[in-house]
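In what follows, structures are represented as structure tokens.
Both complexes shown next keep chain A, but they swap its partner, so chain B is in the first and chain C is in the second.
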Partner chain A sequence: MLLAATVQAAPLNVRLLLSDRSPAYLQFSMSLSKALASERADVIVSETGGGAQPDLIVAVGMKATEFAITNFTAPVLGAMIPKAGHDSLRERYAAQHRSRPLSAIYIEQPPERQLDFIRAALPGHRRLGLLYSPGARINLQELQSGSVERGLSLVALAVRSNETLFASLDEILNQSDLLLAVPDSAVYNGSNVRNILLTSYRHKVPLVGLSQAYLNAGALCAIFSTPEQIAEQTGTEILLFARSRRLPEAQYPTSFDIGLNRQVARSLGIFLDTPETIRERMNKAMEERR
Partner chain B sequence: MKQFGIRTQVALLTLIPSLIMVVSLEAWFLHDRFSGMDEDLLERGKLVARQLASSSEYGVFSSNQEFLQNIAKGVLQQPDVRGLAVLNSASETLVRAGEFSGHLKDGLEAGDGELSDYLNRPQFKKAEDKEVNLLTPIRSNERSLWIYHPIIPAQVPLGEFEEKQLVQQVGSVVVEMDRLRMEQAKTRMLRFTLLATLLFVSIVLYLVHRASRSITRPVRQLSEAVQAIGEGKLDTRIVMQSPVEELDTLAQGLNQMTEDLQEEHGRLEQRVEEATQALRLKKEEAERASYDKSRFLAVASHDLRQPLHALGLYIAELQHRISDAGQQHLVGQVEQSVEALSTLLNALLDISKLDAGSIMPQVQNCDMNAMLERVAADYRMVASIKSIRLVVRPCNAVVTSDPLLLERILTNLVSNAIRYTYPNGCVLVACRCRGRLLRIEVRDNGVGISREDQTNVFREFFQLSQPQLDATKGLGLGLSIVNRLVKLLGHRIDLRSAPNKGSVFAVEVPVAIHPGRQPAATAAAQTRTDSERAIDSHPLEGKKLLVVDDDPMVLAGTAGILASWGCEVTAAASLAEVERHLREGARWDFIISDYQLGNDANGVDVITRVRMYYNRLIPSLLISGDTSPTVMKLASVNGHHLLHKPVKPAKLRSLVLHLLGEEA
Partner chain C sequence: MMRLKRWSGVIVLSAGAACTGAMAQNYPSEQDYLQEFPVVLSASRLSQPLSEAPNAMTVIDRGMIVASGFRSIADLFKLVPGMYVGYYHGSQPFVAYHGSTDQYARRMQVLIDGRSVYLPPVSMVDWSNLPITVDDIERIEVIRGPAAASHGANSLQGVISITTRGADQVEGKTVSFTRGSKGINDAAAYFGKRGETLDYRMTVAYTADNGYDGQTSPPNGYPITKFQADTLINNSNDSNQARMVNLRANYHPDGVNSFDAQFGFNHDIQGVGFWDSAKDPFHDVISNAGFLQLDWTHQTDVASELKLRYYHIRQDQSESFTHTSGTVSAVQTSQVERDEMELQHTLQFGDNNRLVYGAGWRRDQIDARGYSTSAPTFYSSALTMDEYRLFAHDEWRITPRLLLNTGAMFEHDRMGFQGWSPRVALNFHLTPEHTIRAGASMAYRTPSLVEERFRASLPGVLFIPNQNVTFAGLKPERILSREIGYLGEFHDWDASLDLRLFSDEVGDGVYIRSAPTAFTNGVSSRYQGLEATFKKSFGKDSDLTANFAHELASSNGPALLAAGHGSMSSKDPSDNDILSASTPENSASLLYAHRWANGISGSVSCYYQGALQPYDRGAIDYQPIQRRADIRIAKAFQPSAGVEGEVSVVVQNLLSTDYTEYIASNLFKRRAWFNATLKF
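Let's turn to the complex of A and B:
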């Protein structure tokens, strides 16, 4: 392959930093090693500093990424971090960034893809509801235009405090037939998600989640990238970096999975196609738009 | 030390350990159960609170009162839940249900929900200002138990989309548990336990009672048997069937012992019987000896009296016949000797009579004055012969005593005093009243009696050795007779004396309560003195007298003296001879008869015969040498005068004259 032909004399020294040893991050680490091994790239991935100055730092999660920025001078590739997190880090550490490249592979899906997914999976639901906290970095504009483009309506409501969450939720659910979760931990956190789900079910409004965890908690469906998929994408980027010594632009994950909670669907009386059909329908819609 | 019966001891021994065990076991059990129940209630309360907290999470999140109300209703159904309250994060009460005895404070602070604020904020207040909150989640009083539980949302892990885990308390619940049911259960349990204890104790008591009876009954039997044996019922045997081997052995041993004891007792009794028999024989022997002695004395005295009596009579006659002064003196000496002999004999006989208990005192009122005068008259002569001044102080008292015996006491004391007083001494007789008693004192300033002799002077034949007073030596029987008489009369005598200073004998005699009665003895004595005075004026010249005596010497003597007094005397030796004289037509003015007249008759028969023959109460006089009470009694029954031999001629003469005078 192309990669094999351009082997360099010195191997690339990559330092892998995990925010914590949660299963998702460990899965990522394992998958990355596997991916690099299958490419037979001359890359040394170490999680602990082996004394040598790393050429590239792969930081998994927000915590690790921030740590890498503040503690290392090598280029940093953040993986599995939300776009909003990446943006805030880039702003906060603007000074360090100028001297040292920073890029990321986001954890969430691009808004278009999500809207395509909604359109493909739930063709009958056209009124989207969205809750966000005032401090959240959400590109409402993009979502709005995307929705309109696809014949959907989007109602977004800002939640001022935890106490007013229920009232806002009530309000938004009355105006929509689908609740769209966004990566905003002030609203969607471990404590609230159960109540949000309960309330939405009472209004017979399903929630579209952001990950497998959402599906487990009771979201109707979710489109997400697994740690393996992101790790694979990260491996590719590392190889690119090994060749060019340049980091790519920050990007959304390319591969994704479609998750469906058929139990919730049955409860709410919603028909769901198979993930394959939905994926096909999504691809079709994308091609049509081009 | 306090003593207990076997049964009590056995009962205590059995009961105390089992009681201790039962009580401690039950105390432990109750304590364990009670604390278990307390813990139970608390655990249940906690569970209820936890359940309530988790189930009301969504209700609190959505402020859904109806939803919460439904949950509350459900929770209230659970046992012992008395009341509950659900509060939101601002401590505002969302729902209250049941009887909630505590007082909830609503909305003290409108907080923004920071956990640290919650920790410091009062969540729930009771009336006593006690509260339950996150720091003190449990409070209780005797009626209720309050449990606080925070409402913390169930966490749903969202993984990588969460930046940081933020756990917030969204509210709280307070549950009040009712202790009433538990307390009732405790009371029931306590009652049941007490009842069980009581039952147990009574069963134990009953068993102990049963068991101890099998011991105490035989023991009581044993003790009763021992008591019976102790009381002397040696034929007691224990028959019992005891389940206790030792007691059976004991009973057998006791039976064996009793048998041995009985045998031994029998042997002892036999020995005692033998000893008693021997003693009785000895006693009979002694009594026989004593009787023989008395008999000897009686016979001897009788036989002695006869010649002495005759001697007296002969001497009297002799004095009559002799005119020569030298011969008169000689006869006087003989008379004195006979007199002494007679006195000795009388004293001996008196002692023997007193010892034989044959003298019965005739207690009556006695005129002391007359008695003292008589005593004085009797002894004035003797005293003057010895140049002793005899002073008798008159006394007007009347005492209760036997006049003759009392006079005898006094004469003995006076004669004794005169005997032991030096010439030119003085003897004083005086009376002194001491309450109910009259103290008659006989004082002398004679030889006196040493202290060691004072106890001996009342014994027979005791004499003070006083060589210079030997001239009229006494017999040593006077005071001994006095002592016996005083005892017989129930009087008291005492003696004060010092050697060479003199002696005081004092007799205490009760004073008569009714002195008015005329004492008979005094009258008799009076008459006697009168008749004595009449001796010279009424001679016995020409009186016909019958003298009967079986002793020829006495008969001759009596006849002789009577003849010398001028009487016509018919002498007879037996009743047959008297009858012969009667047939010959003899008549008598007076009969003097000896009591004993051979084997076939006595003096009473003679007198009765003569009186019957003439059908006239001829005055008579019995003379007896026998001093036995039978004779005296017989004589007095028939109204005869009795004189004991030896009879002094003067006395005979005066009595004859007196009786003749009476008849006249």
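Let's turn to the complex of A and C:
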């Protein structure tokens, strides 16, 4: 308290922008509020229009982040945005960016963590299959080299069109032990996911998902960071900013959940350890690489 | 002082308002992580793994079906431990469990996509007249042991459950041509399309063959008289031609509802009869079978699903021939219809309980007629029979290692009998790799129409049941089955071992009594044995499946024979118990498939069956030890210009160890065929 008081006399003026009012964003907003409250942070979050110029914009989602860049001059912390989205924005608004800091807390898991998770949760599944559309921004090289490092093999297949999606799916499932979902709405969307899950289930090749929604639909497992976890991390970054007036480097979420679908595992005859054991194994693997 | 000033307002960017036109849609978006999906693999859609099933189960999947080389669906059951596959004629297979039955195997439930296809008046399956090809089958599950609680009536000795390829499992067009010895001549076209809300697939097929090889000399090693031998020579008129079409469509407008519609038709011409038979001379039976099936699945929430099924089956058969040395002309027709409706609700309670319950109604109708130029000149029957059932099955995970399956079916059968068929099984996972199962179940079989309303001395092969009950007092057969199973799944070795020790006791078994001659209850029999299945994969390119069954049967057959009931006489001089003699003591099968890198694949299968005296056949039909080896070799061609293909050769009975099946004139020699398949 003493430290805070000496470092920062005036309250920090933060403006929170949400991309829309769907549950994920509202959860983020509530959790950030809770996080700051528990830290007793000296933060003002002002409404649109009136009030002082904000010291920091916390923009949740891509829409909000782009809006912040184009409408404000204050530093922008984008939260819950994909790394590829962040990179695109930096590229596009390079001119505006030079004059003011832009950083982000990504929504997705770092590729190494994703691979460590697969290795820890499913040690017997070594052939990863990946289906993507040519328009998707996926860092295949990083996944590829990370897989090799861990004794895994990755087969990635580009889907030329929606017409050939299921032919490609059959092809990839025939040479894989696991299907790795990627953030690519041309492949993984509400209308395709049914046939993708049914087909992979019939091939006895489980799907590794990207979120709780994937788990509910029938993915075998997933690691993901919840809006609450990202909000807490955002809270911490806001406090650091309050002290230093500097934004950190763009970063991946630090906390994450391990989700397992035991019913699917049982039905496929796959043995899954507890999330705690899997997490321990992931930590160990990470330490060993250091 | 730290102050939390105000947490009042939040700007929400709604589409169009705050977003400028510069908001490009093609940015990678967090929506990929936030989107919602329908529940696809719901609790009710997930199949029970073998280690948690309440019964011993054999799964024959697509890979095994292809590797086996079989082009007859019934032959696939040679890959199930303890199954007997027999043929009365080249196109009239029958599948039985616990040894040979007569040619009308009728103690098993046979389902295709949940549609019960054993039909009156005999309650057997006409395998050649099913409107599906072997290639339409995605997988077969065979439950060894009664399973009425989850599979309905007639699940006395076991259940065959065939799953055809889903509407979403065929993409593009495939044509296939097969030519081979013994008149084997098949052509098929498959096409299908997957879409966002509608999937469909269709099959058009023609299959033909000339059945068994004619017996041209007396069977090896069996002492028979010249007269007996003569009756066997060239005594097979068993060619078969089937033309069929089937269509399956699935409409899934949202994540909650799914509508599946199926239609199929098969026009089949079967050669039947024997040249030395006075009343069943060589002639053809013409069969037209069709079905329509509608399934509606409604996901009420993550843990609950409703399923409503309706189907209609119709089979029309006719035969027209002259018999008694060409002096009498006869025409017989039979028209059978089945309508069935079933409603089922699957409910998941927490993580540890899954309950399935429901109700079903079935109506069978038969209209059969015969005309003859000698008395009786006209005979017919028209019957409508209803049956109802209620069922419930619960899977309770008491602890992570202990699973209790309990279930029961209450049945009101077509004869008015009511009864419960309960089942209970306890599965204990010693470790995730080792599971022990102990179970007991009971089931009933309602006598077939022919057994209850028999009409004696009919010519030809079709049954025209009597309009009235001829054998009053007949009641359902019942079984009490007990088993102990072990399943080892060795993931590190890519291997599994499935063992089952069983004791099945059949009571009130139906047999033909003498003086007066009648179908009646009275056989008590007991089947005990051991069944084993071992599977192993060698890398990703080789798969091995080995099955073995050792079985001993005993019954009160000798006592019934001593009491003067001649039908229970064993024709095996070394065994006076007809049921024991008709059950092979040991049987085994082995299937090994390997895929090489350059698109070449090969498989070998071997079958062994101990000697047996086919039930209700004469001593001449004795089946000595049967050994058979089949191979299949295929070469796939890489896609070029959007076309890919495969050519394959299948040789059955490679070593040409000629053997006979069920009837001594059914001689099976080496045969081979060639197939070419093109996909585009």
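Here is the rule we go by: the second predicted complex is superposed on the first by the 279 of 290 C-alpha atoms of A that agree within 3 Å, B and C clash if a C-alpha of one lies under 4 Å from a C-alpha of the other, contacts with A are read in each partner's own complex, and residues count from 1 in each chain.
Just so it is clear, a residue touches a chain if its C-beta (ideal position, glycine included) is under 8 Å from a C-beta of that chain, and two chains touch if they have at least 3 such contacts.
Note that this is a predicted model, so its numbers are computed, not measured.
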Fit or clash - chain C, chain B, common chain A: clash
Partner chain in contact with A:Ala24 - chain B first, chain C second, else both or neither: both
Touched partner set for A:Phe72, first chain B, second chain C, both or neither: neither
Which of chain B and chain C A:Tyr252 touches, first, second, both or neither: neither
Partner chain in contact with A:Leu198 - chain B first, chain C second, else both or neither: both
First, second, both or neither for A:Tyr188, with chain B first and chain C second: both
Chain B versus chain C as contact partner of A:Tyr214, first or second or both or neither: both
Larger contact residue set on chain A - chain B or chain C: C
Partner chain(s) touched by A:Gly85 [first = chain B, second = chain C, both, neither]: both
First, second, both or neither for A:Tyr132, with chain B first and chain C second: neither
Which of chain B and chain C A:Gly61 touches, first, second, both or neither: both
Colliding stretch - chain B into chain C, listed as 151-159, 565-573 or 601-609: 151-159
Footprint overlap on chain A, where chain B in one structure and chain C in the other make contact: 22, 24, 61-62, 80, 82, 85, 107-108, 166, 183, 185, 188-195, 198-199, 210-211, 213-214, 216-217
Interface residues, chain A side, partner chain C - complex: 1, 4-5, 11, 15-22, 24-25, 29, 33, 36-37, 40-48, 61-64, 66-67, 70, 80-82, 84-85, 88-89, 92, 107-108, 124, 135, 137, 166-167, 170, 183-185, 188-195, 197-199, 201-202, 210-211, 213-214, 216-218, 224, 261-264, 266-269, 271
Touching residues (chain side chain B, partner chain A) in the complex: 57-58, 61-63, 89, 112-113, 152-168, 170
Residues on chain A engaged by chain B in the complex (per definition of touch): 22, 24, 61-62, 80, 82, 85, 107-108, 161-163, 165-166, 183, 185, 188-195, 198-199, 210-214, 216-217
Chain C residues within the chain A interface of the complex: 1-15, 18-20, 22-24, 26-43, 46-52, 138, 166, 168-169, 171-172, 194, 196-197, 199, 252, 255, 302, 351, 432, 489, 491-492
